[in-house]
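We call the chains A, B, C and D, going by the order they appear; numbering starts again at 1 in every chain.
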Amino acid sequence: MVKLNKIRSLSEAVASVRDGSHLFLSGFAISRNAIAVAHELIRQNKRELTLSQCIGAMDADLLVGAGAVKRYIYGGGSLDRFGPLWNINRAIEQGAIEVDEFSGLSMALRFLGGSLGLPCIPIQSLLGSDILKNLLNKEVPEVKVTECPFTGEKMVLLKTLQPDVAFVHVQKADCTGNAIIQGPRWDEDAAKAADQIVIVADEIIPTELTPFLVEEVRIPAGRVSMVVHQPYGAHPTSLYGVYDYDREHLTEYASMARTPDGMQEYLDRYVRGVKDFSAYLEAVGGLEKMIRIKADALKKY
Amino acid sequence: MVKLNKIRSLSEAVASVRDGSHLFLSGFAISRNAIAVAHELIRQNKRELTLSQCIGAMDADLLVGAGAVKRYIYGGGSLDRFGPLWNINRAIEQGAIEVDEFSGLSMALRFLGGSLGLPCIPIQSLLGSDILKNLLNKEVPEVKVTECPFTGEKMVLLKTLQPDVAFVHVQKADCTGNAIIQGPRWDEDAAKAADQIVIVADEIIPTELTPFLVEEVRIPAGRVSMVVHQPYGAHPTSLYGVYDYDREHLTEYASMARTPDGMQEYLDRYVRGVKDFSAYLEAVGGLEKMIRIKADALKKY
Amino acid sequence: MPEANYSKGEIMAAAGAREIKDGQNIVVGLGLPQVAALLAKNTHAPNISMINEQGVVGFSPVDPAVGMADPRMWYKATYFNSFIGTLGSFLHRGKVDIGFLGALEVDQFGNMNSTMVGGPGNTIRHFTGSGGANDIASLAKNIMIIMRHEKRKLRAAVQYITSPGYLGEGNLRQSTGLKGGGPWRVITDKAVLGFDRARGRMKLLSIHPGVELDDVLENTGFELLRDEQLPATVPPTAEELKLLREVIDPTGMYI
Amino acid sequence: MPEANYSKGEIMAAAGAREIKDGQNIVVGLGLPQVAALLAKNTHAPNISMINEQGVVGFSPVDPAVGMADPRMWYKATYFNSFIGTLGSFLHRGKVDIGFLGALEVDQFGNMNSTMVGGPGNTIRHFTGSGGANDIASLAKNIMIIMRHEKRKLRAAVQYITSPGYLGEGNLRQSTGLKGGGPWRVITDKAVLGFDRARGRMKLLSIHPGVELDDVLENTGFELLRDEQLPATVPPTAEELKLLREVIDPTGMYI
């Protein structure tokens, strides 16, 4: 039986993104980031993007640093102990991007509601905070303080989120789009909230194998538009069970991103100045580095 | 390191249920029902129960047939081609129980919202139906037709559900309560919606093994109050990957449940008239039957 | 009239299968819907995603099942989740192209009843209720109903609206706030019916070979819209019959 | 004053660990919170469930990590899910007993700021923001804060309320609709602080051995409630120190 082959090249998949789109990228701090996608979005000079994430990550920081982002909707974030999200914090401080700042769970519920096609969803955190005060002061309200009509409890009603395209880096996928995510999956609902899902898989598995791994399939083929095969596509962030984060390169990034000039130099050296993601992988240490960060079979990092 | 041992006997776990409680049982039609729990609830003569399920199943039909149920909240259901839920349909026709009838997804969203501690959750089905009309006519409203304050779309706001206790039959669990569900898991959110979760496991696995099966753990120990070890506890319904449904016994049940007298005879023969679930298993064919319904390793049924 | 070399179930399955396009997401139930979807999958639509409401997607059954809760229906599934993962993040998210439904009764507006019918005196008989049917009818882009063509089942008005069709004449469905496209095909053992979606009323599209127009009209409890020229339903091909009989339903459980 | 044979980090970890009861569900972050929770787990509370906000539960790390996104934090986890599976079906469901939080600033009502501080002129400096902190502060039964005891960090009022404490004097927290119990302990390198929960104000509970009361008061930016008799914080035992140094944080990354 012929199976629909959704495999596309990274550049084809990214070329389908229109300027001004609302994108979701799968990163969480320094884990399972859609780094290859962020690089290609920058190389293809995509502009005026809206990005949304539960927790900010390096993939978003790269895009903000490259000036590709108009609006960022998120719940806070960092590069863990490697440092803050320098570009995002700087853009917020300078008013260079529009920012809607929420909490982790309020973003997660907005995505969950979006994944279910619900127009709104309630939450009972945010109340009393300056996060809420800031959001209520905005002209385009996406939050409303109200009461549950059944219990009378106070609650915050949130408009749900449905990105145009979600780029989700995963450990394995088959060519029809069934995607396996191992470890925590902070991005599962956000992916399903999106109108189009592009799976970026470190490994492509044969469709015959999928039923045997069914308990680990987190995004079903029927929701997936394209599949990109991109080994090490999350580098320098970690891919649980496949490779560890690259401590050396993250340290270099955090140090260069500290200043606008340093960030431009980083982009020139590793993103705009290289032909493609393979050339980036060579530039950061190639095969030798990839062997060094290979995950231990038991520890998974 | 000492691990908290939550293992209790079936009779201890069921004894903790107070008359008048709101229970969730894990059955869906003829699959993964909490049959051993339903039997023990009947033997311990629990009364005035409220039951809720996305889709009605044999475990609920048994309890309604035994007169243990005051109120049933559900989204429709059957015994698949073995027949209708005779006791539940009869009780509805005769007005013998209070019934709140919803749809499958509206029940699922009420449980999802309950699992997240949300007081209410919207849905955009039910509109225009007699299901909704009936619910709106009730004195205690749990549904409200309203509009999304952000989009203006019509929606039905549902009060969420939080059962007092969920009894969930699963393939495997460890003694701390980490529960593995294989195959579809229509009951996962309903379980998490409950205040207390009692896991009934066909097999107990050592805690050392749990991290290796982590991708299949669906209910985490931190939410579980008790663990009951009850092999074949879903019989005569199927347990995916472990045993098939018992065609012979389901046919007998569907035939006896057709009349009130037949149902009482069934309960006398297989539930009230036997000492415990082991005696029931002997009465329905014992070891020979259990070997016959063992699941095929590839097909899982 | 030549004696047909196929059964009623076989032409219903073939007619249903032809309405399916490759790559679609389809919610199917037991019986003829599943047979029709599998026939499409085995012929022109190998890449459809079949969805079982309680949380099973991408299955390829090889043994006849007794219902959706039968693990035979889940064989070689590529995705397990819950109602939330099927009726939620597929259906309510607007990503189900076709929802197959059955019903005790369907009316001229495509409204469906699977809950109750009146019995003798003031009694009612209560049946299965909704399950996912109300949700599917409310939210899928297209609803396909497969049923026997009988006057008591194709009624002017159903006794209970479990699952909404167009509700009444005109744009009542939209003004009620329902987001799915509504009823689209009714495949019976006599004909293929569709809808004038603007008017919300059922329309005769084609009559199965060997069936007379009067037979269709007499066994329908309301006036059917129809064009002057009525084609005959294309009968199942030899390839389709071979697949149905040898691969999809070899024991003849459903067809 | 005898020179203590333990570090500030060690007494903070020990003081934090003692506040934990066996069987509790605890949301922990990187660093001292994780060290305190692991110390409790290795001593009197072997059955706590440690929860990492992005969807990891029941982990037992053996290598020092750089943050919650570091798979070293997930080692031997017994449950993976998403924010929804941790901050949703544990926290918002009312099933988190203790939430550990850090902050740039904490005020007398336990309000926390992790978002921004004023810089020179009219500028602001933007930091990490909430992550799950606002949700945890809003919804956990008890909030435990571990931080350095400095006047600029323990302020009369925070510059931005990222995560609500008692908001102000009295029952402002409850009337705002917040369901969690609110701040409960602040463990610093000088003292263990708690709250008068009825009044919503921070209260000095014990002072670490070797620290003077004045030292505490001078380094706190507001008036602390306190009883006349103030006990000394119980120092870490030899067993606790051995566990901290040899098992939980052998490289001394956090303590």
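Everything that follows uses one rule, which is that a contact is a pair of C-beta atoms (placed from the backbone, for glycine too) under 8 Å apart; a residue touches a chain by one contact, two chains touch by 3 or more.
As the structure is a prediction and not an experimental result, all values here were calculated from the model.
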{"item": "Co-neighbours of chain D and chain B - touch as defined", "value": "A"}
{"item": "Rounded Å distance between chain B and chain C, as computed from the means of their C-alpha atoms", "value": "29"}
{"item": "Chain A-chain B separation of Cα centroids, rounded to whole Å", "value": "37"}
{"item": "Centre distance in Å when chain C and chain D are each reduced to the mean of their C-alpha atoms", "value": "57"}
{"item": "Multi-partner residues of chain D (each touching 2 or more other chains)", "value": "80-81, 84, 88, 91-92, 139, 179"}
{"item": "Sites on chain A at which at least two other chains make contact", "value": "109, 116-118, 123-124, 153, 155, 182, 215"}
{"item": "Interchain contacts (touch definition) - all pairs", "value": "A-B, A-C, A-D, B-C, B-D"}
{"item": "Contact set on chain C toward chain A in their complex", "value": "22-23, 25, 41-42, 46-47, 49, 51, 57-58, 76-81, 84-85, 88-95, 139, 179"}
{"item": "Chain C-facing residues of chain B, complex", "value": "28-31, 54-57, 74-78, 80-82, 84, 89, 92-93, 101-109, 112, 123-131, 153-155, 182-189, 237-238, 240, 244-245, 295, 299-301"}
{"item": "Chain A partner contacts - residues on chain B that touch it in the complex", "value": "109, 116-124, 141-142, 144, 146, 148-151, 153, 155, 157, 159, 182, 215-216"}
{"item": "Chain A - residues contacting chain C, complex", "value": "1-4, 115-118, 174, 176, 178, 192-193, 210-211, 214-215, 217, 220-223"}
{"item": "Residues of chain C that touch chain B when the two form their complex", "value": "30, 52-56, 63, 66-72, 74-75, 80-84, 87-88, 91-92, 114-115, 123-135, 137-139, 160-164, 167, 172-173, 176-179"}
